[in-house]
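Consider the two complexes below, in which chain A is the common component and chain B and chain C are the respective partners.
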Partner chain A sequence: MDIILQLTFAGIGVGSIYALVALGLVLIYRATNVVNFAQGDFPMMGAFILVVCLLSAGLPYWLSILLSLAGMVVFGAAFNLGVYYPLRNRSYLPVLISTLGASILVQNIILAFYGPQPANLPALLPFRGFQIGSVFLDPQYIVIIGVSALLVVLQYLFFEKTLLGKKLQATSQDKEMAGLLGIPVKRMIMLTFVYSALLGGIAGILVAPIIYFSITMGNAIALKAFAATIIGGFGDIRGAIIGGIGLGLIETFGAAYISVPYKDGFAFVVLFAFLMLLPQGIFGEKIAEKA
Partner chain B sequence: MNRLLYSIAGCLIGTALAASVAHAADPIRIGMVAPSTGGAAETGRYQINGAKLAAKEINDAGGVMGRPLELVIEDDQTTNPGAVLAFNKLASDSSVVAFLGPIRSTQVYAIEPSVRKVGKPMAFGGTDPKLTHLGDPWMFRFRPNDKISTAAMAGFGVNDLGKKKWAIVYSTDAFGTSAKDLLVPALKDLGVEPATLQGFTSNSQDLTPVVLEIKQSGADVIASFATVQTDQAILAKQLRQFGVAAPVIGSASLISATAMKLAGPDLYGSYALTDFFGEETDAAKAFSASYEKAYGNQPDFFASWSYDAVHVLAKAIGDAKSTEPDAIRQALLAVKGYEGAEGTYDFDENGDGLHAYSVVQNKDGKVVFVKRVEAAEIKAKD
Partner chain C sequence: MPLLELRNVRVSYGRVEALSGISLMVEEGEIVALLGANGAGKSTTLRTISGMMAPTSGEVVFAGQRISGLGPEKIVRLGLSHVAEGRRIFPGLTVRDNIMLGASNRRATRRELNADVEEMFALFPDIRPFADTLCWKLSGGQLQMAAVARGLTARPKLLLLDEPSLGLAPLIIQKVFEVIREIQRRGTTVLLVEQNANMALSVADRGYVLETGLLKLSGKASDLAASDEIRAAYLGGRAA
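Up next, the complex of A and B:
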C-alpha cells in the first residue's frame, strides 16, 4: 500500500510537469493551429534565466524568479514576433518548421554563450522533505502540484469568466469571425504566446531543482507533454491536465510493475492507442472542425 | 624594364621558396570527433581541451618530425549519426593521418565501419571490451576496458568492503548494458548473485520505481552505470530521499566534476572506478597542473585520455618517422611502458593500451585514492 501511495505521488508530481507544459502547448495550438515544437524550450529558458540570475549574478531567489518570469514575457513576445507572426498567413507547415528551427536556435545560442554545463538549482523550500508513514514526500513536488492546481483554477476562471478570456477563446475558435466582431486578433495571439511562455517558464522554474537545469532538459518533457495533449484532447485545458497527470501515473506504475526500461514506451503506447481509438482525445474540441 | 623583370622574377622565386618552405613545415593533421553540442557537450569540452593541451605541448617542443601538429575537430552532436557524419567529414580529408574517436562506446560502434574503410589508426575512449575485438586493426583504446573495471569493482566491493547484496542500476544503452553484462559474471565468479537489476532509459525525470525496487531488495551496495550525469544526480538524490544508505559504486563518471557538482552531498561516500586520478602518479600530477594552468579548472578522465592519445599518436608518428597508416599502427603496437596521465601504456595485439583501474572515494566532495587494481591480479583471482 505504501508503495502504491509513493508511486502515486511520484506519478502525479512528474505528471503535473507534463501538464503545465501541455497547457501551453494547447493554448498555442488553439490560437494558431500549430503544434509548437519549441514548447520544451520555454521551461528550459525559464530555468536558464533563473540559473543566470541566481547562480551567476547571485541575486536573491525571489528576485531571480521575478526576473525569470519577466524574461519569459519578453521571450514569449519575441517568439511570437520572430517565429509565428511573419508566417501567420501561411499554412501550418512553414510555421511548424519555424518553431522547430527556433528550438534549435535557442538551444545553441545558450550553448554558445553560457556553455553546456548542467546546473543544480536549490529547491524553493529549504527543507529536504518529510516522511508520512513510509511514504517520502519531496517538498518541491508538493510545490509543483500546488502551483499547477492553482494555475488551472486561475486559467479556468480567466477563460470562462472574463471578457478578455472569452475574446481569446473566440479568437482560437474562428479568427475571421472574431476579427469581424472587433476583437483585436493579433493582440490576442500575442497574448497567447506570452501566456504560454510564462506557463512554460513557471514549469521550468519548478522542475529545475528536481531534474537539474540542462540545455536539453525540455526535450523529453515536451515530447511527453505532446503525448499528454493527444490523450487529453486539444480542445480543453482540462484535457492537458488529465492527460499530463494520467501519463505521469501510467509511466510510473508501468515502470514499477511492468518494466523500467520501457517506461518511456508506455507513454507512446497509450498515445498510439488514443490516436487509433479516440483521436479527438478525452475532451474533444468545442467545435469539431476548425476553419 | 630590366629592373622590373628582375623584380618580377625575384617575386616569383620568393613565392616559390616560401611555398616549398611551407610544404616542409606542413602540419601533421589529426582529426578529432568530439561533442561540442548536444547532451555530452560538457564532457566534450574537457576532451577537446585535453587534446589541445597535448598538441600545444608537442608544438612548443618543436612538433613531430619538425612539422607542427594540427588538430581538426568535428562536432558529433552527441549522437551516433552525428558521430558518423563528423568522422566521414574528417576521413574525406586525405591529409588527416590519424583520428581521435568518441569516448562513448555506442558512437565508437557507429563509426567503426568507416574507420575500417578509411584504414587509418583511430584512438578512442569507449570502454566496451568488444570494441577492440571486432577484427578492425585500426582501433586503439586509450582507456582500460570495462572488463577490467567491472572485475575490479566486484573484487573491491566483495573482498574489500565485504558487500554481498548487490543492486545494479544501469542506463539501457550500450554503455550501461555492457557494464551490467560484465559485472554480473564478475560477481558470480566471487559467488555473489545480484539482489536486483534495474535498467532505465537516459534523461529520466523521476526514478522512484527504480529506487523503491532497490530499497525492497535490501541491497547493501549499489553499482551504478549512468550515461547521463543528470540521471546519476537524480538517482543519488532519490536514493538518499528514500533512506537508502548503501554506498554507491560506479564508473568514472561518478567522480566527474559535473556529477560531483550536480549531486553534491548526495554522492558523498560513494566509490568510483577510474582510469584517471590526478594525484596518483607523477605524469598525472604534471598533467593536472598544466591543465589547471591552461583552463583554470581541474581535469577529469574526459581530458586525460584525449591528452594521452594525442601525445602517444605524436610519439608513434615520430617513432615511425612516417605518416603512413601502417607505419603508425606498427609504432602504436610497439608502445611499451609509456607513462601517460591515465597510467602506463602497453599496447597489446588487440589495441588495448591500459590494463589497470584505480578505486577512489568521494569523501565530502574531495576525491581520495583508495587502491589500484591491476588486470593481471584480477585474472589471477578468476
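Up next, the complex of A and C:
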C-alpha cells in the first residue's frame, strides 16, 4: 500500500510537468491550428536561463527564477514574431516546419555558445523532505504539484471569469469573426505564445533539479506532452491535464513494476493503444466547438 | 452626405471577379435591402464594406472617411458592425459572453457591458432563458437572435445583416424582421442582404438588385416590390 502511495505521489509530480507543457501545446494549437514542434524547447529554455543565472552568474535562486520567467516572456514573444507571424496566412504545414526549424536552431545556438555539458541544479527548497508513515515526500515534487495545481486554477479563473480570457477563447474559436468584432487578434495570439512559453518555462524550472539540465531535455518532455494531449483528447484543456498526469502515473508504475529501462516506452505503448482504440481521446474533440 | 457610399468597387477571389464595379449609397436612418440570387455578390459586398476583403479598385466611404483597406478591427471601431453570413456565434462561449464580446470595438466597464447585455435581452426576450447556455446547444433561430444582439452591442451607426432569415421557420423570420424595424426606430441604419426578397422589401426603404457582380436595378422598396422584372426574377411571382 505504501509503495503505491509513494509511486502515485511521484507519478503525479512527473505528470504535472507533462501537463504544463501539454497545456501550452493545446493553447497554441487552438489559437493557430498548428502543433508547435518546438514546445519542448520552452522548458529547456526556462531551465537553461536558470542554469546560466544560478550556476554561471552565481545569482540567488529567487532572482534566477524571476529572470528565467522574464526571459520566457521575451522568448515567447520572439518566437511568435519570428516563427509564426511571418507565416500566419499560410497553411499549417509551413508553420509546422518553421517550428521544427526553430527547435533545431535554438538547441544549436545554445550548443555553440554554452556547450553540450549537462548541468545539475540544486533543489529549490533546501530541506531534505519528510516522511508521512512510510511515504517519503521529496520537497521538489511537492513544489511541482503545488505550483502546477495553482497554475491550473489560475488559468481556469482567467479564461472563464475575465473578459480578456473570453476574448482569447473567442479568438481560438473563430479568428475572422473575432476580428470583425474588434478583438485585436494579433495581440491575442501574441499573448497565447507568451503564456504558453511561460508555462513551458515554469515546467523546465521545476523539473530541471530532478532530471539534470541538457540541451535535449525538452525533446522527451515534448513527446510525452504530445502523447498526453492525444490521450486526453486533442485540443482539450482538461484532456491535456488528465492526459499529462495519467501518463506520469503510467510511466512511474511501469518503471516500478515492469521495467526501468523501458520507462519511456510505456507512454508510447499507451499512446498507440489510444490511437488504435480511442483516437479521439478521453474527452474527444467537440466537433460542435469547431463548427 | 450619405452614411455609406461605395464608389465603383471591384473585388476578386483570385482570378474570379465577384464584384465588377458596384456603386451604392446608404443614407442615415434608412433600411436598405441588397437583393439577388445565390452567387450574385451580396455577401461579398458586405465583406468588402466591413473590411474582410479588400477591393481591387474603387473605394468605400463611411461617415465621410475612406475605409477600404483599413481592416475589420479598425472599421468596427468606427461604428460599422457586420452580422456575418452563417451567424458565426462562438460555439464554446455562452450567449451572454457572445453578446458581451460584441462591445469589443469600444472601451466599456464591466457594469456598462452588463447593462448592454440586459438591454439586448429586453429586445430579444426569447434568448434570455439561455443566457448562460453554451451556444452550440442553441437552435438556428436562437443563434440568429444572439448574432444580431451581438452586432448591436457594438452600438453601430450602421448594421450590416447578412441573410438573417436563412434557415429559419416562418414564424421566427417574422420576429427577426420585427426586430429589424425596431433597430431602425432606435436610430441605427441597416444594410440588409436577403434572398427572401418579399420579406426584405417589406421592411426596407430602398433596395438594390445585384446580378453576377453588377447592380441591375435600384429604387424605392415599394417600386421594386411592384416591378414585374423583380417579381419574375426574384420574388417567385409571374411576369405579366
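We adopt the following convention: the second predicted complex is superposed on the first by the 282 of 291 C-alpha atoms of A that agree within 3 Å, B and C clash if a C-alpha of one lies under 4 Å from a C-alpha of the other, contacts with A are read in each partner's own complex, and residues count from 1 in each chain.
By definition in this document, a residue touches a chain if its C-beta (ideal position, glycine included) is under 8 Å from a C-beta of that chain, and two chains touch if they have at least 3 such contacts.
These figures come from a predicted structure and were not determined experimentally.
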- Task: Using the superposition on chain A described above, determine whether A:Val153 touches chain B (first), chain C (second), both, or neither.
- Result: neither
- Message: Once chain A of both complexes is superposed, is A:Ala170 in touch with chain B (first), chain C (second), both, or neither?
- Response: second
- Once the structures are superposed on A, label A:Ser214 by its partner contacts, choosing first (chain B), second (chain C), both or neither. first
- Touching A:Leu181, do we find chain B (first), chain C (second), both, or neither? second
- Identify the partner contact of A:Val74: answer first if only chain B is touched, second if only chain C is, both if each is, neither if none is. neither
- Could you tell me if A:Leu7 is touching chain B, chain C, both of them or neither one (first, second, both, neither)? first
- Interface residues of chain A shared by chain B and chain C, listed none
- Item | Residues on chain A engaged by chain B in the complex (per definition of touch) | 3, 6-7, 10, 13-14, 17, 108, 111, 115-120, 128-129, 136, 138, 207, 210-212, 214-217, 219-221, 252, 255-256, 260-261, 263-264
- Note on the structure: Note: in the complex, chain C contacts chain A through residues 50, 52, 71-73, 76-77, 82, 84, 88, 90-93, 97, 100-102, 104-106, 110, 113, 136, 150, 154
- Task: Over in the complex, which chain A residues touch chain C? Could you list them?
- Result: 163, 166-167, 169-170, 173-174, 176-185, 286, 288-291
- Contacting residues of chain B [partner chain A, same complex]: 37-39, 41-42, 44-45, 172, 198-201, 203-206, 208-210, 212-213, 216, 229-230, 233-234, 241-243, 258, 261-264
